[in-house]
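These notes concern the structure reproduced below.
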Amino acid sequence: MSAPLLETRGLSKHFGGVHAVAGLDLAMAEGEVLGLIGPNGAGKTTVFNLLSGFLRPDAGAIRFRGGSLLGQSPHAICRRGLARTFQIVRPFPRLSVLDNVMVGALARHPAAPRARAHARAIVERLGLGAKAAQPAAGLTLAERKRLELARALATEPALLLLDEVMAGLNATEIAGVVALIREIHRGGVSILITEHNMRAVMALSHRIVVLNFGEIVAEGAPAAVANHPRVVEAYLGEEYVAAPSR
Amino acid sequence: MTSSPLTRRTFLKATLAGGAIAGAPRPLRAQPKPFRIAAVHPVTGPLAEPGQACRLGAQLAVEAVNAGGGIKSKGGMPLELLLGDTQSKPENGRIEAERLVNQGAQMLLGSFDSGSTAAMVSVAQQKRVPFLIDIAAADPITANVARSVKEGQQKVQYVYRNFPTGSTFGRKAVQYFTEIFAEAKVTPKRVALMHCNDLFGVNQSRGFLAAYKAAKPPWTLLEDDVIPWPEPPSDLSTEVARLKALKPDVISPITRPASALLLLPEIRKQRIESLGIVGPGSPGLYEAGQIAALKEDLEYVMASNPWPNFRSPKTQRLAEDYQKRSGGRLFDTNSGYSYDAVFVIADVLERAAKLDDPDAIVEAIQKTSYTAGLMQYGGPVHFNEIGDNPNAIPTMIQILKAKPVAVWPKDAALQKFVFPRPKA
Amino acid sequence: MSLLRLDSIEAGYRDLVAVHEVSLQVRAGEVVALIGGNGAGKTTTLRAITGLLPVRRGRIELDGERIDGRAPSEVVARGIAHVPEGRQLFPTLSVRENLELGARDRARRADALASVFALFPRLRERERQLAGTLSGGEQQMCAIGRALMACPRLLLLDEPSLGLAPVMVKLIFETLATINTDGTTILLVEQNVARALALAHRAYVLENGRIVLDGPRAALQQSEHVKQAYLGL
Amino acid sequence: MLFGGVFSLMAVGLTLIFGVMRVVNFAHGDMMVWGMYLAWLMATRGGVDPYLGFVVCAAALFVLGFVVQRVLVQRIVDAPHEMQILLMLGVALVLENLALLLFGPEPQRVRSALAQSTVWLGPVFVDVARLIAFAVAVLLTLLLSLFLYRTDVGRSIRAAADNPYGALVIGTDVRRVYAVAFGVGAACVGAAGALVAPLLPFQPPMGLQLSVASFNIVIIGGMGSLLGAFVGGLIVAVAESLGAVFLKPSLKELVSFSLLVLILLFRPAGIFGRRAS
Amino acid sequence: MRRVAIAAAVALLAMLPLVPSVFGSYAVTLFTLIFFYGFLGQAWNIVGGYAGQLSAGHAAFLGIGAYTAALLSVERGVTPWLGMCRIIVSNTEALGGAVGYYITFTGDPRQFQFQDARAYYYVALVMMLAVTGIVAWLERRRFGVYLSAIREDESACEALGVNTFRYKMLAMMLSSFLTGIGGAFYAFYLFSLQPASVFGIPLSVEIIIRAIVGGAGTVLGPILGSFILSPLAELARYYFAQGGWHGAHLVVYGLLLIAVVLFLPEGAYPRLARLFRR
């Protein structure tokens, strides 16, 4: 196997006395879809914040495309090709949908007209074309989730971190997002996804890492992980619950 | 307290009436059209107090001129004041001057603080409207215009000032200090200068220091230990403690009314022994309200200020009138100089060949030699090549038995000064 | 007669109509569940009942008395207590202060507090602790306790299981059953459909702001539509 | 240093209003000036010593604050932040110039028999008036915290400050709570005004300066934190007098300004502030 | 329609150059100050409106600009035209001791002084239009989009590759630079400079309230605000400043300000834009 796309070694972060992430070793190959699951408070969002530069790890290393991400600011990490979405969607409410996506596009296309054209293409591709000129504040939750995806995608990432993009969506909407993620993956983007909707994450991921109390408790192919006793214990058989964490 | 709300109401009524008289056209007899003067003063904002005094002074003067038959050489033409408010902000000096000129003002009068006065200068020069500065001390206001006329950039100077300049203040104060100390047969070795750290206080203290350096008098100013305070202050105890450490023979403060209310009681409380308090000239040390509030703390305090000539019965009569109309305020520097300015304008108009030509008015201004002023002058009001009145000078006044009294120079004195201050 | 009756109400935010012609009834002593996906209008319906959102059309009656158009303070005074989504506690106030703020009636406050502590012994242990420092489950207890302090006739609950560990969800739902047995009527909004249906006597299914299905618990548990859309089966 | 108590009281009023309504009361200083003038009116017309009269001043300012909130601020609670600032600036302008119209421009000072005397405490002598002002201000701040922590209304105010939506949901009449909170904040600054009226000469235009001083303290102490405002007031007063002793007196104001800049650089949420999450 | 609104505004602006030939010099002065405040409001708008960073210390930049231009001119004979371009280089050493400068009135255009007050009118107009043009241009460019996004959500911006610190800094620099230019104009229009008036908080307030009344973060907001508030101030002064009721006109102005806020709680421009959209 060639050098991994993303690799963490001994990644640790604690808040006060709580070890949110404890010595995490994670590796992802180019083109992979990796599912990161675990019960609430397992440390998934902290991992995302560490990878994307919003938090500084207490210890450990992060390497991405052969270079270290330690000490890099979020915007620099984004420019290196690692984009993320937020669990609680954060659109720019008073900006139009197109301008929202354009903020992402400008990272690759400094000239406004080109960025706008690029943003428009992505908006169309994600099915938000009809709403392009509307302020983002007026979108439904499902549309906001798509917008969140569109913005991240517009930065043309090599790796996309998706934080609970399906939380709060109904079955039809979830199906739509799953299809969309598949399509994005086909376009050559590697994906790291956390999700409470087991069916979706099992269906999407090539490999799954289960996190509990900041540590990896299981790792492997979706089917194998689903039957792992420690995973069943952690989830208490609540696999059909689509409740988002807080 | 003299200005309780009740008398305030009468004051308001009085000024309102004054405004109406001065402001309304008078259709009574077949009089000629009134000559309109724009009177711009800071009647709101931080400088509202002196600004309102200036306005009332000017209003009383206009009433007096009109009651005396107006401008006789122009068929009894009355004067009319158009009132402007700078709100203590320079840019309003300009826009108010413009507005009033637009409403028909043919001359400008104003405006107490040097910033808005300078802003009015541009209106005067650009629109050719003669401007008599009643109060504003900064030297460059007139000097800069005079220079540009001299260098040929401007044809005519439209700006004149009947008020002591900053440098005059300093020079005269040092002179009076020297004379009074000589008369009292003392030579203080430690005169401590204190001042409010605003534009006025800084300029005033600089003028005083410069004049001291130039005059080299026998007494000694503690030049390296000048004590400033932020204006308005919330507490002067540390400043006064520093003063006490200097062991001053004479305390020489440059105050504003608000800071004087803090400074003098603090000096008493900290029990600083000195020959007396003699200021180089500032407000806060003589006003009726200040005397009422400070009482014995202000007794024997001296300050070198422009001052009305109370030996003249005319001044006394007007001062009484002013006190009634203002709800108990004293006729002093601000009301007095604005009052005189209107009379100087009346004198100018009397002599001007014609009134529809600003240059003719300017010509008359330049030939002024007016002697009937209510203020204490060093000679007739006239204007030198810079446009200033060299005879506009301060007088040393002292609070004696809760009344401000002129005590120096000798020919202006109503009483002999008391210095050193008697021990309580 | 029903305790609460919604008669084709319409409510929403600015340009957006979130619920259309929703009609439902809650009889005294019942537990009624309102289920549906996110954005279906469940929270909006609850907010409209409490007066937190204006009702644009239709009417809401409590015990035959019209309550739409009234301020939340009046609605609460009439006997409806609302446990909002996300708990909405006062994080820098103590647990006890949070609870006491829920009381409408000073005279009955001590009794109410005692019964809430009896229901949630955990809250008594944490009485002096700041609400912001509680765990998620404890916060949910505190929020329910705060609502019970008003001694309501009708308790509205918005997603009480949200973000809680399964053990805690179980505990909360057991307590809700007790509360109902003690005589408080409950209208429950819940995404954890299985749990909700296990507790409720009847349920309404809301989709895109409209009621699409309603009936007794058993009927909905058997419904193919519900199974597919919400139970993940 | 002894001004610290009054500084604290003034800042506590501001931080209370901000903490509850997220409205920056730009008319705070002008409300204080009105407190001073009311004390002056009572002293000159009724012979009431300001150390008693402050109660009336506080009550009057409570009404003013209550009305301002009910009639004006309540209408634009949902408008952008800057519009609220604008509104309060309008209120400040009206208050300042009404004072000018009614009371005239001269600096005033209330004479209290107490303001004249001093006592010696060891090596330093202390103004009795300042000592009283300090003591009363600290007492009032304590009373305020008793009010906020021990009464139902006070608890509602803290609850609404903590989570307005939560307060609404449990049936609190949030509008009334807001008006009471604004009133209490105004009452604090009114009392502060009355307490310093014998110490500090006042004029109508002083309001802005006092507002800015309050903002500095509140930012240093932490926006919305009562303890922060209280301690901030003391810190600023101490820093200013220390600055005056060790630096040129003219730099006194620079001291609190530098303190502000330092705080903004190193603890942007203030000493006792919590970062907004 | 947004376009209609802009077209109407442009048409109105196009008429402005004609003002001096139609109206008297009072109107010219009034408009000059409206333009001046429109200019400063627009400069503030970049940081305060678009980037959402409320900056009350703006007057400090105006002050530094004005002082530098004046000092260069008064003490070194450097033309303010040049001074305007190098304002950003502040002369702190000279500033420290400065307590008020008075500028010699020369009427020499090379000294940025004009015998004819109309010249200031055109300079102020051009300044206002130029800065508005710059802002309108930037609004559709990367810079403008980034600033608006920063106002809405800073950390979301970071996640999308925006160096928020850098753009806030750039906005601040541009805004300060423009404000400094305003300062130079101020000094040579009013012929004097004093720290108390130039550096004061009241001036910051004057600048900011206009932009807010018009609508912060919109292209035409600051100008609209200036056109609304300056005439209101003049009206209040015209009708209420005579007679003995000192301060009555400011009470009235304060009440007008309150009324404006209550009736236009989002600012004038958004309301106007909606009117046109209907």
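As written, the chains take the letters A, B, C, D and E, and residue 1 is the first residue of each chain.
One rule holds for everything that comes next: a contact is a pair of C-beta atoms (placed from the backbone, for glycine too) under 8 Å apart; a residue touches a chain by one contact, two chains touch by 3 or more.
Nothing here was measured: the structure is a model prediction, and the numbers come from that model.
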item: Joint neighbours of subunit E and subunit D, given as chain labels; value: B
item: Identity of the chain that, by mean CA position, is farthest from subunit D; value: A
item: Greatest separation from subunit E - chain, by CA centre; value: C
item: Pair of chains with maximal C-beta contact number; value: B-E
item: Centre-to-centre distance between subunit D and subunit A (centres being mean Cα positions), rounded to whole Å; value: 48
item: Length of the line joining the C-alpha centres of subunit A and subunit C, rounded to whole Å; value: 32
item: Between subunit D and subunit B, distance of the C-alpha-averaged centres to the nearest whole Å; value: 36
item: Geometric centre distance via CA averages, subunit E-subunit C, whole Å; value: 53
item: Where subunit E touches two or more other chains, by residue; value: 202, 245-247, 250
item: Residue list for subunit A, restricted to those that touch at least two other chains; value: none
item: Where subunit B touches two or more other chains at once, by residue number; value: 11, 44, 48, 52
item: All touching chain pairs, where touch follows the definition stated at the start; value: A-C, A-E, B-D, B-E, C-D, D-E
item: Of all residues in subunit A, those that touch subunit C in their complex; value: 39-41, 138, 140-142, 167-171, 173, 199, 235-236, 238-246
item: Footprint of subunit D on subunit E - complex, ascending; value: 48, 54, 201-202, 205, 208-209, 212-213, 216, 245-248, 250-251, 253-258, 260-262, 265-267
item: Parts of subunit E lying in touch with subunit A, wherever the complex brings them together; value: 140-142, 145-146, 148-149, 152-153, 155-164
item: Interface residues, subunit D side, partner subunit E - complex; value: 72, 75-76, 78-83, 85-87, 89-94, 96-98, 100-101, 105, 204, 208, 212
item: Partner subunit C, residues of subunit D touching it in the complex; value: 152, 155-156, 158-159, 162-163, 165-174
